Each structure stands twice: as structure tokens, then as C-alpha cells.
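Dropping the structures in below, format is C-alpha cells.
In the two complexes that follow, chain A is the common piece, with chain B as its partner first and chain C second.
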Partner chain A sequence: MRPAPTLSTAFLHPAGGSLPEPLAALRKQQGSGLVDLPLPTRKTENWKYSSKYLKLTDDMAISLPAEGKSGSSLAVPGYKVVLLNGIMMPEASDYPDLDGITIERFEDLDSDTATWLAGRLDHALDSRSVQISRLNTARFEDGLLIRLKPGAVLDQPLFIVHETQADASGSAYPRIYVDAGANSQITLVEEYISGGSESVMVNTVTELNLGEGANVTSIRLNMEGENVQHIGATGVLQQRSSRFESHCVGFGGLLRRHDLQVRLEGEGAECKLNGVVVTQDKQHYDNHTTIEHVAARCNSEETYRNIAADQSHAIFNGRIHIHQDAQKSNANMNNKNLLLSNGAEIDTKPELEIYADDVKCAHGATIGQLDEISLFYLVSRGIGRREANVLLTMAFINELVEQIPVETVRETTQGRLNQFFEQTFQEA
Partner chain B sequence: MLSIKNLHASVEGKEILKGINLEIKAGEVHAIMGPNGSGKSTLSQVLAGNEAFEITEGEVTLNGENLLELETEERAREGIFLAFQYPVEIPGVSNLQFLRTAVNAMRHHKGEGEMNAAEFMKLAREVSRQVDLDPAFLKRGVNEGFSGGEKKRNEIMQALLLQPKLAILDETDSGLDIDALQVVSNGVNALRAKDRAILMVTHYQRLLNHIVPDYVHVLAGGRIVKSGGRELALELEERGYGWLGIKDDETADSPANASGSY
Partner chain C sequence: MATTDTEVNELIKREYEHGFVTDIESDTFEPGLNEDVIARLSGIKKEPEWMLEWRLKAYRRWLEMDEPDWAHVGYPKIDYNSISYYSAPKRKEDMPQSLDEVDPELLRTYEKLGIPLHEREKLAGVAVDAVFDSVSVATTFKEPLAKAGVIFCSISEAVRDYPELVQKYLGTVVPHGDNFFAALNSAVFSDGTFVYVPKGVRCPMELSTYFRINAANTGQFERTLIIADEGSYVSYLEGCTAPMRDENQLHAAVVELVALDDAQIKYSTVQNWYPGDEEGKGGIFNFVTKRGAAIGKNSKISWTQVETGSAITWKYPSCILRGDNSVGEFYSVALTNNYQQADTGTKMIHLGKNTSSTIISKGISAGKSSNAYRGLVKFGPGAEGARNFTQCDSLLIGDRCGAHTFPYIESKNKSAIVEHEATTSKVSDEQMFLCRQRGIDPEQAVSMIVNGFCKEVFRELPMEFAVEAGKLLEVSLEGSVG
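Up next is the complex of A and B:
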């Protein structure tokens, strides 16, 4: 057997930035392990549909400089932190100095906090399944630590704008860690955008630790350009009675990969994961989710929808793992897919592993096209074919778009969807 | 208004309509009766432009214009309306959004401005009361979870909103109880107008007690085998389709026998 290909040595050069010592040490330690990191191929189960889109050439090993002016002009209601190529831009950010809530860049952490953080990074992720995300831990140059003291409530959503701007090829490694204390509450919006047309990779890791009774809503909106290879991982640890709600909305590109891993570690925790993916042309999008029911009496509810047009390719892999002690678990997973063209491809795989005997667990996956009879019904009322197609396609995801709890995100999503409809459905 | 000449149509290579001839003038109400499988629904679908059916021969004109050349949506904009026998459920599209989109498509076609949400809501509420449908139904998905009767009332509501030139009602009475039948019939009667024609397709004559037709045609084996006035329907009820030498697969449900079972 041929040995699996390994990472280009260009990725082994030390990364820059001025991190506090404990974080720099973690990064170095992780970096030394990269030499053996096997690259995914089509024989690698969790990358089998996506490895062909992954290009980790030498020029990708260059870390993008945090230079230039942020092109972000988003009218953001609430608080905003802008990361340009993974580095925080204080002048473009606007967030309050609030009681009980601290937002700090890694660079500014004191030694104790940096030691505490270094001991926690990567703990919310299963490193075997997010192998490419290990590059992030080896190469991040800055990051954002958001801490909520017990009972703290952020009164407005916090937008984290991840922006990639480059004049040449290279990579960015945004890194976020959220520690939500007991009974604290926050709504986080991560928005990924990009400018320029150079071949770039955004390798991003966000980890969230929800204390007892914490309530966190996370919205992820991927609007990056065609040229971007996006590899994202989100890890969530949930303590007793905490609640996590996730809304992932993504539009395709060269490579889009998001691994969302949730561990329900404390009794009575619950999570709700919604996802909408839209791809067109030769775009790609791959969502891998894992829900670990570790403790008893936890609930999980997952609903993902993919829409693929033209020759695009969308993938959904949803894993639910109910551990032996997780009695009275309640897990529900649903994935529906809409193919808008004969050339489009959708691959979906629900994976259930259940080791407890007293659980309720349901899953369903379907792939279909727009319903001809519904279409006939609509046009028989004088509605144009294009409009009828839009109504039916929108109907497929409406429920999920409406559930996004931040109005500007719904509007941005709808605007981008309208663009998609414009390009996909022509008037007969 | 509507002129059908020697219309032949097939589905999946099987000929269903074998030479239909029919003339309908503005202001008239026609009923087409016939046993199951006679081609009644096919005729409705063909007139509305369902592409699942292939027209192999014949012509259909609406006010002199060749209907068969028009797309379904163009036919609708020219004034054809089909009340479906089985209205389609479309979760995710609200009834209100659907109705407003349809009404505005028609207005756009006529060169009229679009109705805004508030204006339309007012109109929709009025019309929904006319068919005794709670305005709460406007907020629900199109026909989603509606009972059979509610779906039929929603169809008539659409006809009232779209004000077609020719309303084709395909088995609009099926699945209705007496009260719902009364409501639906009132709605259809409200549609009767000098410049509008109505074509009712029905297996049973009971609908015709509420909506009295000017002409009755009997369709069998893909052809109209007998035409007459209102009295023809009564005769059919009395004597069954067998009287005309037509085999009705559902003899047990034939009009004469079924009339008492509602």
C-alpha cells in the first residue's frame, strides 16, 4: 500500500504573531506533529467526497498578512469584532466594556489566562475527525477569547466578521474561544466574507464551552468568494441544562467544509442545529456534524437542507452517538435535499450509533426535485414559471430561514438567495 | 368564448379524449357528466395546459385565440381557471403569499399596478368570508393540512379573487358535506356573470341542484355522447348511465343510487 500523502514541509515553518508564551508553546507542539499528518484522500471516509477539492500547495502555507483596510461595510446592529485574515482589527471593531463579559485578543492575554486557555484549546474537538483543523492550532497568530461570567447576559448579538483579503495566495487561521459561565446568555454571529480573487484558504476553529444553564445561540453565515477554500470546525461542550442553538447558512465555493461537533456532557442539556446550504455552478459544500449524547436526558434536534443547482456538489454527513449512560436521550435528525439540475450531486449520510437502550432516536434523509404537480398548480394561477420555481425552492428552506433569530442575518441571507434565484431560474 | 373542435389527447401513449366538440358562450354554465374514466378530468387538465397530456389532434380557441399554443400561465392570464379536483398542498408557501402572487401576476398582465400587502390582506379577508373560510387559513401553507372541504373552498376563493373568463370546476362537489356544498355552490353562483362562462365537471347530479346549468353534456369513452338541457341531468339521476348504453364501473355509486347516501 502506498503511504498516504503528507503535508508539504512549507507548512512546518514557524508561524508569526506575538502570542503569550503558553499559547506559543501549544502552537509549536502542535506544529511539530504536522510532519506526520496524513492528508485526506478519497479513501479517507470523512473526506471521501471532498478531498478532490482540497489543495494544500506550498503557496497555501504562507500566512496572509493582516494588512490593508477592512472592506467590511456591514451595517451591524449590535456589537462587532472584525478579524482581517484571522487578526483582530481594533479600529474596525466596536464592542462594549460590559460588566461580566470580556472580549480579548489572544495577544493581550495575561500569563495566567493564556495558561488556562492553552489547557483548553482543542478539547471541544475530536482531533481524529478534524485533521485539517490541526493546522489551525499549529498556525493561528491571533484569536479572540470571549468570557461570560455566571449570569451575564449580552443584550445584543455579537457579530464576528471574518474577512479575508489577499493580494497573493496564502492562508488565514481565525481562532475563537467562548467560555459561557453558568446561566449566561449570548448570541454570536460569525460572518465569513472575502475580497480579491487569489487562491486562499481560511482555516477556522471556534470552540464554545457552555456552563450549567448557559444559553448560547450561534449563527454562521458563509458568504466567501469562489476562490476561497474554507475549512471550518466548531466544537461545543455542553454542561448540565445548557442550551445551544446553531444556525449555519452557507453558499458554496471552491471548497467549503464545516465540521460541527457537539458534546452533551451534562444531564438535561439540549441542542438544536439548523443548516441551509445552497450551491451552484461547480461549487462545493460539505457539512459534517456530530452530536455526542454523553449524559442522560439530553435532547438534540437537527435539521439540514441542501439545494444544489448546475454542476454543484453538496454533502451532508450527520452522526449521532448515544453513549451507554445516555439513557432517556431524545435525538432527532432530518436532512432534506433538493436537486435543481441533472448535473448536480448531493450525498447524504446519517450515522447513528446507539449504546443505550432507553432512547428515542429518529432520522430521515430525502433527495428530490421540485414537484411538477405543485409547479403546475402555481402556474395554473397565472404565476410565472420563474416565480413558481422561486416560491417552491424558497418553500424548501423557508422554515429554517425564518428561525434565524437576527433580522439582519435573515435579510442578508434572503438577498443572497435572491441573487441565486436570479442566476438559476430564467423566465421561460 | 370557448370552442373545442375534434380534440384528441393521450397520456403515456393511451388515447383518453377521442374527438371532443364543445361550444361555450359567455354567460353560460355547462355541466359535463360521465362515469369515472370517461375523460372528464383529462379534459379539464388539457384545457388548463397540463403538459402530462399530449394533444394529438383538434383545436381549442378562447375568444378566437389558439389556446393550445399558450403556456399554462398564459392561459391563466387570458382567463382560464381550473378548480382542481385534488388541490395541491404546498408547505412553506403561505396561502396569502400564493394568492397575492397570483393576483399580482394577473394585474401585471392587465397593465395594472401591484396590490401591496395591506390592500391585498383586506381583499383576501373579504373573499375568505364569502366562502366561509377563517382568515387564519391565509397564514397557513397552501392547502397544508386543510380538510377536503377547506381545500375546495380555497379553490373557489381563488376563482373569486382571480375573476376568470372561464372557470372550470373539476369535481368540485366531491368530498363535500351538505353545508360545505352549499357554501361552495354559493361561491360558484357568485361567479356567474354575463361575460363569464362556467364549465362544471361532475360525476353526480347533486351539485347541479345548487348550480343550475344551462347545458348538460354526457362524456363517455372520450366523446360527448349526448347533450341537452338541465333535464338531461335529472334523467341521468333517474335512470343511471346505463340508460345511454354506457358502462359505469361504479354502478353502486351511480347517480341514482348514490343520491340518497349523502
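Up next is the complex of A and C:
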């Protein structure tokens, strides 16, 4: 058997930035682990469909500089933090000094906080995302720590704009840690955009820790350019009675990979994960989600929809793991897919792994095309075939898009999707 | 509570300790595997040159392969050089001479299952009167089969008597290097069944290994090849509901089915090998590769399985739906108790137009066992209008068992439609209450509920099998409630 390929040595040079000592030490330690980090191949179960799109060439190892222009594609109604190539841009950001919430750069952390943070990073992600998380932890040059005091409620959504400026080949490593204290509330919008046309890699990790009774809504918009390889992971730890809601909207590209791992660690916690993915041309999108029911009496609800057109490839892998003591768990997973073209491919794998008996778990998955009868119904009422196609396709995912709780995001997303479908059904 | 369960397991265990420690006889090979062993094996079977070549090709391939580790099972590493790859059939003097010498507990299980007296002898490994063995059974089935032109014999005979057929089809569905265990089987297969149903013939009876002479000695590396020629139909039964005695721990069988235009093959299995004791010691490792190729138009392959035995089951009966309008079916009940581990499921590969497949899988886990469904539904670019429906349900009995579902669905054709659903639940308190209230004891109630849960699959079994399968679940579940 051939040895598994490992990461190019170009990625092993020390990362820059001026992090506080504990974080720099953690990074160094993870960096030394990169040498034997096996690169995903077709035989790596978690990367079965995506490994061939992951191209970590030597010029990709250069960390992109934190300079250039920046701006958000969304008209922001709330607070905003802009990260350019993974580094926070204070001048482009706009958030007031609020009671109960602190937003800090890793660079600015005092040594106690840095020690505390270094002890918590990577805890929300398990070995299934090791390629994504270890590379990020070994290479990040800055990051964002968002802390909410117990009971703090953020009145408006906080936008985090991740912008990648691809004027030269290279990579960016945005890193976010959110610590939501007991009974705190926040709506986070993470938006990924890019400029420039060189081939770049964005390796991003976001971790959230939800204290008892905390309520966090996370919206993730992936709207980067075709030239961007995106490998990202989001890890969520939920304490007792906390609630997490996630809305992921993704447009395809060279490679899009997002791992979402939720651990329900405290009794009565619940999560709701929604996801929408559209791909066209030769785009590739791979969503991997994991919900770990560790404690009893937790609920999870997951709904993902994929639409693949042209020669594109969309993948969904959802895993629900009910641990032995997680009695009285309720878990539901649903994945529906629409294949718009014969050149396109959709792969789905909804997994259940159950070790407790008093549980209710179900999953469903379908792959199909638009229903001829519905199409006929619309066409027979004088709606053009193309328009009918757009309408029906939109209806297929709008159910999820409509649930996005931030109006601007919802409208922008609907606009983008409509545009996407108009384009897809042009010839029809 | 667990007394009956312990008894059942005990009895099977005890049976295994009895009389099956064979002294190495002159006609048993030394443990170990190399090209000489294969050549000797092939020589003993008087196989033609091409057969030996094929075995060696498989062996060389096997040497380069790694044992698969992706299944959701755990077992100590197998030393393939500690196994003897050939053992001549046991001489009659070594077997128990009558039922009186057989463990009474085993006989009680047979009684519970309602097995006829003369069959009990055969199952318990009693040296059966040769008249019964070769004449009475043989005449009842050989004549009508010969009249219909159906070939039904051991694969060794087929290699000698029908080399063109064997050469044409052997390895076409499961190639010699398909996977680790299939390669091992290809290199050292001991014996197995060969069936050929000629054009337009509906096989006049259900074929079964059980009735084929000497079937009990086919050994651990069984190879089955069934060919249904154009427009023919055959139903084949494998295994039996009674606990089978067997001294080999590792089983790596290969089954290949070939269905030509308009042909239908129905393959039913009831597997109830020794599952190990309640501590999880011993028990058969069952690593089987089963695959059917529906290469003809309008052909149909249907797998039905009831798996209750073996310590480890690694088995994925699959259908390659190459012919247009071909149909694949998979109905499965897998029950695990104590420390049993099952990783089983199916693959439906849709290549032809308008192909359709149905998967109904019922997993029941009790005790500390682990039961996984692993399946693949794949639509190739040419699978215009293809259709799949999958339903996997799991039932959990006890809070220390596991039930898992790993379905892979891949589609490359927009007109293909796949639906998959899976549920996991336990025997609900309401159901139990209803039964108890009506005076049904808990054990019976559970067995009734489990039987209802499996109904969809049992319906697909040949009638007499279905009745036995119900009883089998009852026996296997004994002691898991209360």
C-alpha cells in the first residue's frame, strides 16, 4: 500500500502575526503536527467525493497579506466586523461598545484570556474535521474572540464579513471563537466574499460555545468567487437548555467544503440546522454535518436542500450520533436534492449512529427532478416554461430561505438565487 | 430473566465444544496458505488447468490487498496462515452415531423450531443412513430437475462436467480481485453450488443447498454460481433455521447470480450460525460477498435474508442492474443479540434505463449488540427513468445496544428518482402495555411485536421458511426482555 500523501513542506514555515504567547504556543504545537497530517484522498471516507478538488500547491501556502480594499456585499443593518484575508480591519468595522459583549482580536488579548482561549480552541471539532481544523490552528495569524456576558442580549445582528482578496495565489485562515454566556442571545451573520481572480484557499474555523440557556442564531453565506477553494468548519458546543439555529446558504465554486459539528452536551439543548446549496457549471459543494446527542432529552432538526445544474456536483453528508446516555432524544434529518442536468451529480449520505434505546430518530433523503405534472400545470396556465422552471425550483428551497430571520440577508439570498435560476434555465 | 437466553446460548456453545476438535488427519492440510497449498487443493479436486490458474491469479491479487476496516465491527486480527484450507469430509465413525449422543439442549431447540425428526439428525451431524442421504432425497428432486433440463450440482462437479458454462460466468459478477474476502475465496474455495436454468424454463421446485447431497461439508469457503438463462425462473434457498454446527470460525463465501433477458432469480437466505456465547466469545465470522448481475432486459434479482447468527456478519447482497427495465430487490431482517455485530445491507447499481429497485431492511438489536445497515444506491448517467425506494427501520431492545444506518446515495441522472427513509425506535411502552393487559407475557409480546415489525420481509420468504423464521426470531430473542 502506498503511504498516504502528506502536506507540502511549504505549509510548514512558521506563520506570521503577533499573537500572545499561549496562542502562539498552541499554533506552534499544531504546526509541528502538520508534518504527519494525512492529506485526504479518495479513500478518506470524509473526503471521498471532494479530495480531488483540494489542491494545496506550494504557492497556496503563502499567507495572503491583510491589505487591499474591502467592503461588504450586504447592506448591513446591524453591527459589522470586517476580516480581510483573515485579519480584522478596525477601520472597516463598525460596532459600538456594548455592555455585556466584547469583541477582541486575538492579538490584543491579555495573557489570562489568551491562556483561557488556548485551552478551548479546537474543542468543538472532532477528528472528522482534522484536516480543516489542524491546518487552520497551525496557520492562523489573528482571530476574533466574541464574548457575551450572562444574560447579554445583542439587539441587532452582528455581521462578520470574511473577505478574501485574491490578487495573488495564497491562503487565508480566519478564526472565530464565540463564547455565549448563560441566557445570552446573539444573531451572527458570517458572510464569505472574495475579490481578485488568482486561485486561493480559504481555510476557516468558527467555534461557538453556548452556555446554559443561551440562544444563538448563526447564518452563514458562502458567496465567494469561482477561484476560491473554501474549506471551513464550524463547531458548536451546547450546554443545558441552550438553543442553536443555523442557516447555511452556499453557492458553488472550485471547491466548497463546510463541516458543521454540533455537540448537545447539556440536557434539554436543541438545535436546528438548515442548509441550501446551489451549484452550476463545474462547481463543487460538499456539506458535512454532525449532530452529537451526548446528553438526554435533546432535540435536533436538520433540513438540507441541494440543487445541482450543468456539470456540477453537490454532496450532503449528515450524521446523527446518539450516545448511550442520551435517552429521550429526538432527532430528525431531511435532505432533498434536485438534479437539473444529466451531467450533474448529487451524492448524499444521511447516517444514524444510535446507542440508546429510548429515542426517536428518523431521516429521509430524496434525489429527483422537477415534477412534470406541476410544470404542466403552470405552463397550461400561460406561464412560460422557463419561468415555470424558475418558480418551481425557487419553491423547492424557498421554504428554507424564508426561515432566515434577518430580512436583508433573506432578501439578498432570494435575489441571488433567483438570478441563479434565471441563468440556469436560460436555454430551456 | 436471562435464564432461557443463557440456556439457548449455552446449549449452542456446548455443542460446539463437543466432538468437533478434529485430530489432524492425513487428509487435512497443514495450516497455512501459499501457492503449493492451492495447487494441492486444486489437484485433489481434479480441476482443469484454467481453474488452478484462476485460483492463483486471485491468490496473487489477495496478497496485495489489505483487510477492509471500514465496517462498523471489531474483531481480533485473523491469522490467515493458521487456517487449514482443506479438510476431507469427516468419516462416519467420527460423528455421533445417533441422536442419543447429541446434546439434549440442542435437541430442545430443534423441537422449539418444529424441525422434523429425520432432519434433526442431519443438522446435529449424526451419521445419517446413506440411503436417506443419496437415494430418497435424490430421486425426489433429481428426476423433475433433469426433465426440465436444470443443472443443479456442486461447483466442483460443474467445473469438471460443464466447464464452458463455469468458465463463461465464474468471476463475471464478483471478479477474482473484487475485495479482500472475495479474493481469498476465489483462491481457496472449497465447494459450493452450481445452478443453470436453461432458456424459458421455470424451475419446477425451490432449490436448496439443504437438499443437495454433502452440502454440509462445503466448508468455510463456499462458492455459489447461479445462471438463469433467457426467460427462466429459479428460486434458491440457502441455509436453514436450525442452529448449524460448524467447526470453522472464518467463513468467506461468494455468491454470484447472473440473470439474462427476462430471467428471474429469487435468492433467500436464513443464516443462523453460532453467534458466540453471551460474553461474546467464539462465534462465526461471516464475511460474505453476494452479488447478482441483471444483465438481461426485464430481468429480476431478488434477495431475501434473515440473519440471526454469526458473531460478525459482513454481508452486502447487491444487484447490478445493467439490463433495461431490470429490477432489483432486497428484503432483510438482521437480528443481533448479546455481543453480536452485524454490518449488512445492499448495493443497487442502476446502469440501464428504467431500472428499479426496492430495499426494505429491518434491523433489530438487543443485548449489547451492534447492528448496522450500510447501503449504496447508485444511478449511472445512463439510468434514464430509474427508480429506487429504500426503507430501513431499526428496533432497539435494551439500552446497551447500537443501531446504525449508513446509506450512500449517488445520482448522475436527472430523471432518476430515489427515496430513502429510515427510522429508529424501541418497542414502545404502549404496545407492551396493550399486550400485557391482554394477558400476554412480556417475552411473547416482544416476539409478537418484532414479528409484526418484520412482516414485510417475511412475506417475501418461501412459505415454509417464513413460518420457521418467525419461530427463529422468537428463540433468538429469548431472555432479552423482562
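The working rule: the second predicted complex is superposed on the first by the 420 of 428 C-alpha atoms of A that agree within 3 Å, B and C clash if a C-alpha of one lies under 4 Å from a C-alpha of the other, contacts with A are read in each partner's own complex, and residues count from 1 in each chain.
The rule is short, and it goes like this: contacts are C-beta pairs under 8 Å (C-beta built on N, C-alpha and C of every residue); 3 or more make two chains touch, one makes a residue touch a chain.
Computed from a predicted structure; not experimentally measured.
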Fit or clash between chain C and chain B when superposed on chain A: fit
Which partner reaches more residues of chain A (counting touched residues only), chain B or chain C: C
Touched partner set for A:L339, first chain B, second chain C, both or neither: second
Partner chain in contact with A:T366 - chain B first, chain C second, else both or neither: second
Which superposed partner A:E91 touches (first chain B, second chain C, both, neither): neither
First, second, both or neither for A:D99, with chain B first and chain C second: neither
Touched partner set for A:E351, first chain B, second chain C, both or neither: second
Touching partner for A:S374 - first (chain B), second (chain C), both, neither: first
Partner chain in contact with A:Q327 - chain B first, chain C second, else both or neither: second
Per-pair minimum CA distance [chain C against chain B, superposed on A] in Å: 14
Residues on chain C engaged by chain A in the complex (per definition of touch): 66, 70, 379, 381, 394, 396-426
In the complex with chain C, residue positions of chain A that touch it: 1, 45, 324, 327, 337, 339-369
Residues on chain A engaged by chain B in the complex (per definition of touch): 371-374, 376-385, 387-388, 391-392, 394-399, 428
Residues of chain B that touch chain A when the two form their complex: 48-52, 71-73, 75-77, 81-82, 84, 87-88, 90-93, 97-98, 101-102, 105-106, 109, 141, 158, 162
